[in-house]
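Next come two complexes, and both contain chain A; in the first it sits with chain B, in the second with chain C.
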Partner chain A sequence: MTDDTSSTDSANTADRRGGILGALRNPGDYFGSLRRAEQGVLVFVVGLLALLAYGVVSGGLGPAYFTYLVGLVGMYILLTFGLNVQWGYTGLINFSVAAFFGLGAYGTALLTADSSPIAGQFNPLVGLLVGLVLAAIVAVIIGIPTLRLRADYLAIASLGLAEVVRLIVLNEQDLTNGSAGVRAIPGFFEGWPLLETFPQTMPGLEIDTILWETVVLQSSFWQGLLNVALVTVFVAVTFLVLRRAHQSPWGRVLRTIRSDEDLAEALGKDTYAFKMQAFVLGSIIMALAGVFYAHLNLYVSPGDFEPINTFYIWIAVILGGSGSNRGAMLGGFVVIAIREGTRFLGDILPATFPIGLPDMLSIVETTYATIIGNFASTRLLAVGVIIILVMRFRPEGVLPPQHELIWPGTVDSSGTERPERGVRDAKTGDSQ
Partner chain B sequence: MSQQYSKPEGANLDKDDVVLEVDGLRKNFGGLVATDDATFQVERGTITGLIGPNGAGKSTLFNLISGFYEPDAGTVTVNGTDVTGAEPHEVSDHGLIRTFQTPRKLEGMTVREAMLVGPRNQTGESFVKVFTDPSTVAAEEEQNLEDAQRILEQFEIDHLATQPATDISGGQLKLVELARAMLAEPEVLLLDEPVAGVNPTLRNTLSEHVRRLHEEGTTILLIEHDMNFVMNLADPVIVLDQGHVLMEGTPDEVQTDDRVINAYLGGGE
Partner chain C sequence: MSVLEYVANGLVFSSIIVLASIGLSLVYSIADFANFAHGDTMTVGAYASLVTFGVVGGLGGSILGLPYGFFVALVAGIAVAALVAVITHRVIYEPLDASSIGLLITSIGVAFVYRSVLRLGFGSDFTEFDITLLRPIEWLIPYGIRMTRHDVAIVVSAAILVTALHLVLQYTDLGRKMRATADNPSLARVSGIRTARVKLWMWVIGAGLAGAGGVFLGLYAQISPRMGFNILLVVFAAVILGGIGSVYGAMLGGFLIGMINQLTPLLTDIGIPIGIEYANAIAFVIMVAVLLVRPSGIAGEGTT
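Then we have the complex of A and B:
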């Protein structure tokens, strides 16, 4: 399917308008109307979901763990959304994703947990609020001196900030429990009517599958399901907010700043204020992911501030396509697939190279054995390879923004036509 | 006007309706004095040309006026408001919009998206209003889109509206930049070398457009190296040399003035 013909694209647009319902009514047409990259992504995601479903049904993947994984995916998507606002929209280089995530997590943990050294046992809603406000305040404080300077300075300052926050949390034992972390964090729905006891009141279901084993759904599964529902709400609300903001004149100013800050200034836009808004908004979304994590994991520690998490999120944004909300979702999904998937792949694959090779190629066999033997630690290798492949073959990311970002409804009603093809395809000069 | 010294040294400071006034402006870069006590006025409704040999400080002066540089001394007044030392966006709030020597590309936007950045003080530029007042945002966006389309038609580039802004030629980019500046509804438009690197046909087109904008009531201050272009359009012309104003006069007066010729050719008599 090419996207060169306008008829295809208008069908595409129409289906988009029809949304999920349109897709369900006529899946064949919907699939045909997608761009090639979108088709690939759809196949990949559906395939991975099918694999997970198979894992659950066949008993290889515990249902509670499955819900935990889905929760993690949602959390990564939130983090990627946050960085996408800062880097993808505005061009701000923020290397303290883990710090804002950790501020959200600790913000709520210290207020709600029984073992909290300062407050404790507040309603998680209070924790949510405090976590987000804390992140916003820190974002403003770090933004005031750095956002007036060139982009590189924010990168350096944020890298420093991440370490400072981590070291404070590690060393201020009276405030944070230090390296012991904060334990006994309640679930997010503690104190809510009905939902608080939902996991306990649900019956332990035993589902006989036609395949191997019986799947037992216990209260831990129902608890996990609640978490999935929670993160789905978080992701959906964030997505809707960001989509509208992205299409608004506000988002357009951010994209202008990313391309050329002087131009935005010359046209009367207070770029400092816009950059601050984008930085704070992105940081709040990261903190939201942290709040969710605290109530998912029920334990937080200074290890959650490790800079590696920041780089996972960067990879997710670049992989998905900077500036694209859908790309951010894909990126978050893929990073979790790599991070968690590599845990299992080592067990599934045979321990020695499956076919005998001549002695000359023994190096292949030994390398294979090494990789399989240390599969979990080779995930960084996988991440690196993926980044190189993306940069080489699709530098704009897998799902870069495809459509003109003009306030919805105004384009059609003012009598002008929509563009004939994806605006961003031509950005790097090569075809798909 | 064959008298060589018909005009006094410096700029004419007796103008009636002054929209932009620069007084004693000074800027040093280390030991280099880029702008040295520059003083002049721009009268409303004129096309004022600003010429001078390379290194005369024209671009520095533009950056000082539009707020991108902070002056070491002197004042800039736009529409009666002192904007010395203000941020560029504050200067443009007072109706002064500038363009750049090298046209700025907006990656990942279509031409009309790039145009929509132009209008000043859009309601939808407030993050909060985007959610609390979407109907106003939509109405404005619709209006702005119509305006953008109309202005693109006036500049005869409406066929580019849905092209990626990075795909059009350098000359077309200059037109888009001028068109976008008009969406900001400037009272004074500062054009920094609008025809540098532009082919002769497009140069004539640009010339016509600048004249049209002038007739529609926009005051224009113009830096240009292309003498034909400036002398055909501008009146008066201000000559800058080594950071200060050498003289001001009509194109004829400027072209026959010995001081100007000396400044350009760099010799004594």
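Then we have the complex of A and C:
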């Protein structure tokens, strides 16, 4: 797989050596060197960020909420990384993303919150550790019966697991506070020197923007900024670890298992052990996202275990490109675009169809009113339709993994000529 | 409540689970993927019959406390569920160039589309059939069984449908073709069986039974857009217990899981503090245990 693409992509990879610096030095050339899908993605991400920035500047979006949204993007990116390790690298179908996320969130919430029914008021670092360990244990427990079997057994069992975890959290009131959820979770930096009081010590700033609004930065904004910094660290560390792991011999075995498990077994690999490692690693990353969420939102409830949250992440992974970490990052943005986009559209669109239509077309008006009036349902519909469309028209995703599978050092940067555009575009379709 | 009462409830609930799990198992054996939209197909059937019943009304007389109109609605529910499944097969699954795993993931999307469309059309609240609730049958009460004639109707109808399916599978041409296709699709095709047509029939039968299960579930409990998805875990547990892909295994698995599900209160009665809210969790535990000990289920062959 990598052999096919390495020759054509080597020039491309060489371009990338310049990386961000190169892109900044000569943005036009950098943009031209990208494939069409990559250009589209770049435009989408920049456009989304521009829209958010416009929201802040024009006063439509509070700066604190803006940092909250950016934090959520980071959280979704982490979740997508986790599922990517399981499905993208190894081909394991995990339908209990929300459960592992929730385990991380509840693990830390129950240990750190003032209102926790069992322990409470530990340092969030302890909560982090416990959340991750909890997820790892559950992953092993569910992995033991299913990972030796065909992939669909894990899918079925994990769907059940998600439901059972939700039931337990909902019903064991003495342990988890039941449907009321856990409130008063401290921020992640509680108990840290300096950072704990950072938001209070920062001055409140008033910034006059070019537009008509004045943006006021208060301590809630600084708190949000701190969270953004935290999630950036989480995402960056996870990304680096995963990139290293994916390119390593370990990652190669996982990819072999995904494409042909019998082959991996015939080569003497203990596929069960590899699958278990990938499954546990992915689950821990999901729990990490959960820990972050608990300290971002400061409140967790059984609603966080809803299956739809799992399938947001599935969309992110298959749309971004299964097995590709760049794709996973894109997926994180897409999920936020769906979630916040539908909310935003619902706010700005009029509740009834704006143009008067003849009676014959009254069905258009009623359908429109129904769709605008029922947001959760519309969102569910969007999720379903996107899954079907991606599987039908672009099962490899928008940014399938290519050059990121190649060791930077193994590519001969001087040798090959840059091929014609058309050739490369044709190539992108058939390699996955 | 007596043990007999739980068994009676179990019998009714089992009938519903059996109908659902047969369909799921058929799809698994012939279309070769785990259909996560199966639960929502049940919901589609339930809503179709709800609407039909609202339109046709009672139609005069009644059998077992159920007006004639309800049976018309039942047929409509079966037909609509089958039709929706066939259309889904034609429009979505068939053009898809995907493995069984790809189909599995797609079926999740299909499930969401079904459910969200129902929610957009009917709202997400609970509703029920406009049929007067009956008092329990008098002469059973001394034995500690509180069972209405509606419950009897569910069990009898399910038994008729299952028997009909058995006859079709064993004694008709279509049944033989279906079994051959399930056994070895390539061999069936070179033997001259039009497997594409068999697949369509499989969807009709599987989804039709699911629709019937949905209608009965709506009659037994309530109707809501989530009802099918909520029961999907139990149905999967039944199919795995019976042996994935085996229709007769699914009948047995459905019966056992349905029964165990309704016997859950016994645990509290004998002092184990696991309440009825964990009935689905018990189905899950059984499923995991089966996967550990005998992944091929009761009736399945080595399908690892």
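The working rule: the second predicted complex is superposed on the first by the 348 of 432 C-alpha atoms of A that agree within 3 Å, B and C clash if a C-alpha of one lies under 4 Å from a C-alpha of the other, contacts with A are read in each partner's own complex, and residues count from 1 in each chain.
By our rule, contacts are C-beta pairs under 8 Å (C-beta built on N, C-alpha and C of every residue); 3 or more make two chains touch, one makes a residue touch a chain.
All values derive from a computational prediction rather than experimental measurement.
Engineer: Applying the document's definition of touch, where does A:G323 land relative to chain B and chain C: first, second, both, or neither?
Structural biologist: Touch status of A:G323: first partner only.
Engineer: Is A:A264 in contact with chain B, with chain C, with both, or with neither (first, second, both, neither)?
Structural biologist: first
Engineer: Please work out whether A:L92 is in contact with chain B alone, chain C alone, both, or neither, and reply first, second, both or neither.
Structural biologist: After superposing on A, A:L92 lies clear of both chain B and chain C.
Engineer: Touching A:L132, do we find chain B (first), chain C (second), both, or neither?
Structural biologist: Once the two structures are laid over each other on A, A:L132 reaches no partner at all.
Engineer: One more residue to check, A:Q277. First (chain B), second (chain C), both or neither?
Structural biologist: Touch status of A:Q277: first partner only.
Engineer: Could you tell me if A:T256 is touching chain B, chain C, both of them or neither one (first, second, both, neither)?
Structural biologist: After superposition on chain A, A:T256 lies in contact with chain B alone.
Engineer: For chain A, which residues belong to both interfaces, chain B and chain C?
Structural biologist: In chain A, no position sits in both the chain B and chain C interfaces.
Engineer: Once bound in the complex, which stretches of chain A touch chain C?
Structural biologist: Touching chain C from chain A are residues 91, 93, 95, 142, 144-146, 148-153, 155-157, 159-161, 163-164, 167-168, 170-171, 307, 311, 314, 318, 370-371, 374, 376-378, 380-381, 383-388, 391-392, 395.
Engineer: Touching chain A in the complex: which residues of chain B?
Structural biologist: Residues 66-68, 87-89, 92-93, 97-100, 104-110, 112-113, 116-118, 120-127, 130-131, 134, 137-138, 140-142, 145-146, 149, 161-164, 166-167, 180-181, 184 of chain B touch chain A in their complex.
Engineer: Looking at the complex, which residues from chain C come into contact with chain A?
Structural biologist: 33-34, 36, 92, 95-98, 100-102, 104-106, 108-117, 119-121, 123-124, 229, 232-233, 236-237, 240, 275, 277-278, 280-281, 283-284, 287-289, 291-292, 295, 303-304
Engineer: Going by the contact rule at the top, pick out the chain A residues touching chain B in the complex.
Structural biologist: Where chain A meets chain B, its residues are 241, 244-245, 248-250, 252-253, 255-256, 258-260, 262-272, 277, 281, 323, 400-401, 404-407, 409-411, 413-414, 416-420, 423-424, 426-427.
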